[in-house]
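Below: a set of structures, written as structure tokens.
Both of the next two complexes hold chain A, though its partner changes from chain B to chain C.
Right, the complex of A and B next:
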């Protein structure tokens, strides 16, 4: 599965990538010109909304791809990675709001602080295996959000407390476009990092840890250092997304910087697209985020669900989402990237093989 | 029995027995307990560079546990282990591996999602710190060791498509790919037929010929007699006997405690067979 793809599969993958880029361009190019229309004071609601959605998608690409490094490649199911998103957001937010730093000077500290924190908690946490690690990491994710909201210093909430942290509004021209491209750049970095990891000694060591940690150790893999490094790398990427988010959103609090549901969403995205692969988590992030927004009725191409009242809609949307994911995990366990990019297409034997593998 | 106890033995360069020569690996009163029961109980052992040492003993004697102690998988409850004169007790497994001590697992532990070739490449990517390779060279070494163990034709197969004997071969290939100075083999020939055992013996000889010290645990007496310079018998975590394989296997205590008279007769017969080869 690594480095020894046959040429046939390589070609299909290349077509998939090129096709994806063309599709993305076709989708985004008119939006770029629409943004110019906005700056010319032509009111276009759909334009702003689309940019917001596209930026959110890029943000989730970063988070899902980052999670993939620890959860997919190393095999440690981290359930608390939203902590790194929040730490990144608050690091940049504090430097801008309290220390009055410019945004681009404050941004690099988001991944650095998130990675340092991950290394610190990773040392004890990554000794745990399986469910124990998953539960413990979830605990850390929740605890950090609570701490940030409740730490006081000299009688004042240090990080803005329950009322959150307001950042000074930036004077960035075309800010919708600016943050969109910044988040897309972060997504590209996260994918490039994954590509590099999977071709390096580091990546081979991580996969060996996932497949059999004790065997990896006696072959000379420094398992503790590798796991901590993978966790820190995942945290750095997630923290970067958080740092960009803080200035993009101008206001951060516990709810939007540490949303518990992001923990699950980034994992589902990686599963949906294909864990352990370079492009899988990104593909999953695009699909799932679009689906979430579509079902939630926030897309401009909105629709009415039959027999469902407006108030029941979020619940029904969640149920549809859940059923869809169960189906995906059962029938496409290696993710949509494998489904479309692999040798096997939609066929009875593919479904049979998938069922056999998941029902072990 | 113990070579080091005979003080006037002349030093012979072509006899790689421990004793007067500085041992490569030295175990001093190594002890490992599980819930108060000593699985390995004060084992003393010296292994000379270039030696092939066999370890035999009944099931549960502590052979695998001893291997786990040497490779750093288990922490010792007592005693010391020295490699080239320096203590390695308490060292993490990956650091032991980097010193050049490679091992296999009796119950195989392949990297399931990888092909045979990728499994072997992991050994070459890591392993002995004096022989680490980048990904490209690591795959070349993987091809070499797969050929050595007879898995060349199945290099591209995923682990799931390999038979149990093939997985044992892969276990060896991965350990050899680390380019160890000392290779610890835990019952890698169990379950092989006679032809396959001969192939495996050739493989061990080939690795040994490159200057690798070999410590192997086997139940197959033909292997111990056919290839080992020296054998030790473990029983209840203690060294019961030690010496040349033929001599050890004829030791009264060994026959009584482990082999049983019927087994001993069979051994004599097979020993004569070996003698004619």
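Right, the complex of A and C next:
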């Protein structure tokens, strides 16, 4: 037993060191793209492609961590969180494109508007449970996108309509670097918020709701207020990511501000990493997004899949992704964060135990 | 040296110079490969159109590489088009565009399929200052952003039905009143706006302008309104299914007009299949038809293009206009690189801005926004179940059958 503890501790230390090195590298490497570093010929991943992928990863960390608050900690499987992403994107986008606000002044309104909207729809929606809530939230996600595209004011589309909304390309120096660090900051905020939630009275209330809502109510938890607050908090974080996205991407429309597949991806990331934990969704977001980009052939490291032609690659990639996720859900129900924290080791007995748990 | 000898020497020099000059078109040295990048939706919802786009790009790259490549200052540069599958996602298209520029060192970019991806990628091209020539993003809003590096070879949406009015103005008796129906999506509204502003310049009046919900299939109320308006021309700016619905309702409600013209729909074989003989006499606006006859400055003639397409992609029938406009984008880029005499992105960008060339697709010339407003749309009419190009007369293979007989006399 002592030996296991020792080995766990060693494992944990090794993980922290390796993770720290990788994180430091990922965060500092972009700095080598500054003119000074470029002229000094520092060879790293620090190019615009890396920025773009790394910024996407940070963006998904925010969304998966945000989803975790309502889906993982509170236990309400929200399938329409992309609505908040889109609302955040359009809030910032409208303020910049139509009202000509500067980006940093417009950005704080993205989480605020997204949270207000979530509180508004949350009141009726969160009365539903289980599948009913999942389906209703999915409906909201789709409906908001349609509304944004089709609302007219004075005969003109209010939000740019089907043509979308163009933001001016800002003249920020080292643009890629700026948005990368901004998105990383948003990711750090979302993780910090989760950490605080899990240690607060509010968080205990949410966990109580997840485990047994009636019992929580009996114990004096104001379940409606708690659930709506959790939903709004998740929306605020997701909306923040959307707000940054709009200026980063400079063009938003229904397709890219309300992508249906993000609904699924953020949930899968949280599941893959470990729902209800602080770092799980972030770990899942990093792994899944890297895997998606790797299978899509966008990473600097890439190899040909054996027996797979160039044209079939995207389809095979989707299949691999699907199988992997099925495997994770069945065999690693607590997410991969379970291994990183030193709580468990990936072994045959672990897989067998998991299979027993999930096949109940 | 005698004067005569001097004359001979001068003649020899001239001959040598001409010979050298002549040899510039058959450059012998081979330079670096030019890499063009194009993210396309090879899987996902835009697979069909993206595949057509890729066919258009490939037809050109086969042709140029058979010649040895693009000639820049007497050096032949072979061409490779690097494709990535963006799974029909605009966001993924942007990542891939950046990869093409950063990792694959693409010299120039070809457009993706669809307005959303084109708009996103235009911003990437702009930030990296690499020219992108696109053929499949018709939304004009892309070109209202003061972007300097994006060029579109296709006629903008507002021109789609203007050719019909041009044609109508030449007919006798001249039609003067228009009933205009439009779906409420951005493309269709841009088409309708084009008519509203253009009709007065042709001495015509829009007596009815009615919008309907994009995707509507019951349009009898709109057709009834058009009948009450008693207009000479009935225009619809919408899509295939709406065009079919309007044509059916027009027959049921005996809406007779001298011209029925629909923006999108009649050019596809499905329109004739669905309506049979009722499809006859209907006009539509098209970017290109296999029947057009321009005088290409280079590349293939229309007939040779159709033949080349059928040889490379047998069993698919004539090339669709998506294919043709995609090939035209490549041709514009090729000629701009030659004119620039350089692979420098900014020089090629300037050459694109100054480009004025006619190819099998029509004239390619860009206004200050990067839009090709110079190529006319052609007008097609279905005559006895077959598509014929009827306007402009210079490229037509048939005369318009005018006026359309009333429904009880067909």
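One rule holds for everything that comes next: the second predicted complex is superposed on the first by the 316 of 360 C-alpha atoms of A that agree within 3 Å, B and C clash if a C-alpha of one lies under 4 Å from a C-alpha of the other, contacts with A are read in each partner's own complex, and residues count from 1 in each chain.
In the analysis below, a residue touches a chain if its C-beta (ideal position, glycine included) is under 8 Å from a C-beta of that chain, and two chains touch if they have at least 3 such contacts.
Predicted model only: the values in this text are computed from it and were never measured.
Visitor: When the two structures are laid over each other on chain A, which of chain B and chain C touches more residues of chain A?
Guide: C
Visitor: Please work out whether A:102 is in contact with chain B alone, chain C alone, both, or neither, and reply first, second, both or neither.
Guide: In the superposition, A:102 contacts neither chain B nor chain C.
Visitor: Is A:201 in contact with chain B, with chain C, with both, or with neither (first, second, both, neither)?
Guide: After superposing on A, A:201 lies in contact with chain B but is clear of chain C.
Visitor: Quick check on the superposed pair: does A:255 touch chain B, chain C, both, or neither? Answer first, second, both or neither.
Guide: A:255 sits against chain C, while chain B stays out of touch.
Visitor: Once the structures are superposed on A, label A:215 by its partner contacts, choosing first (chain B), second (chain C), both or neither.
Guide: first
Visitor: What does chain A use to touch chain B in their complex?
Guide: 1-4, 199-201, 204-205, 207-208, 210-212, 214-224, 276
Visitor: Mind listing the chain A positions that touch chain C in their complex?
Guide: Its residues touching chain C are 47-49, 52-53, 56, 150, 157, 160-164, 166, 169, 175, 249-251, 253, 255-256, 259, 261, 293, 296-298, 300, 311, 313-315, 318.
Visitor: Flag every residue of chain C that touches chain A in the complex, lowest number first.
Guide: The touching residues are 42-43, 84-85, 87, 89-92, 94-96, 98-99, 101-103, 115-116, 119-120, 122-123, 126-128, 139, 141, 144-145, 184-187.
Visitor: Which part of chain B faces chain A closely enough to touch in the complex?
Guide: Residue list for chain B touching chain A: 71-73, 92-94, 96-98, 102-103, 105, 109-115, 117-118, 121-123, 125-129, 132, 134-135, 139, 156, 174-175, 178.
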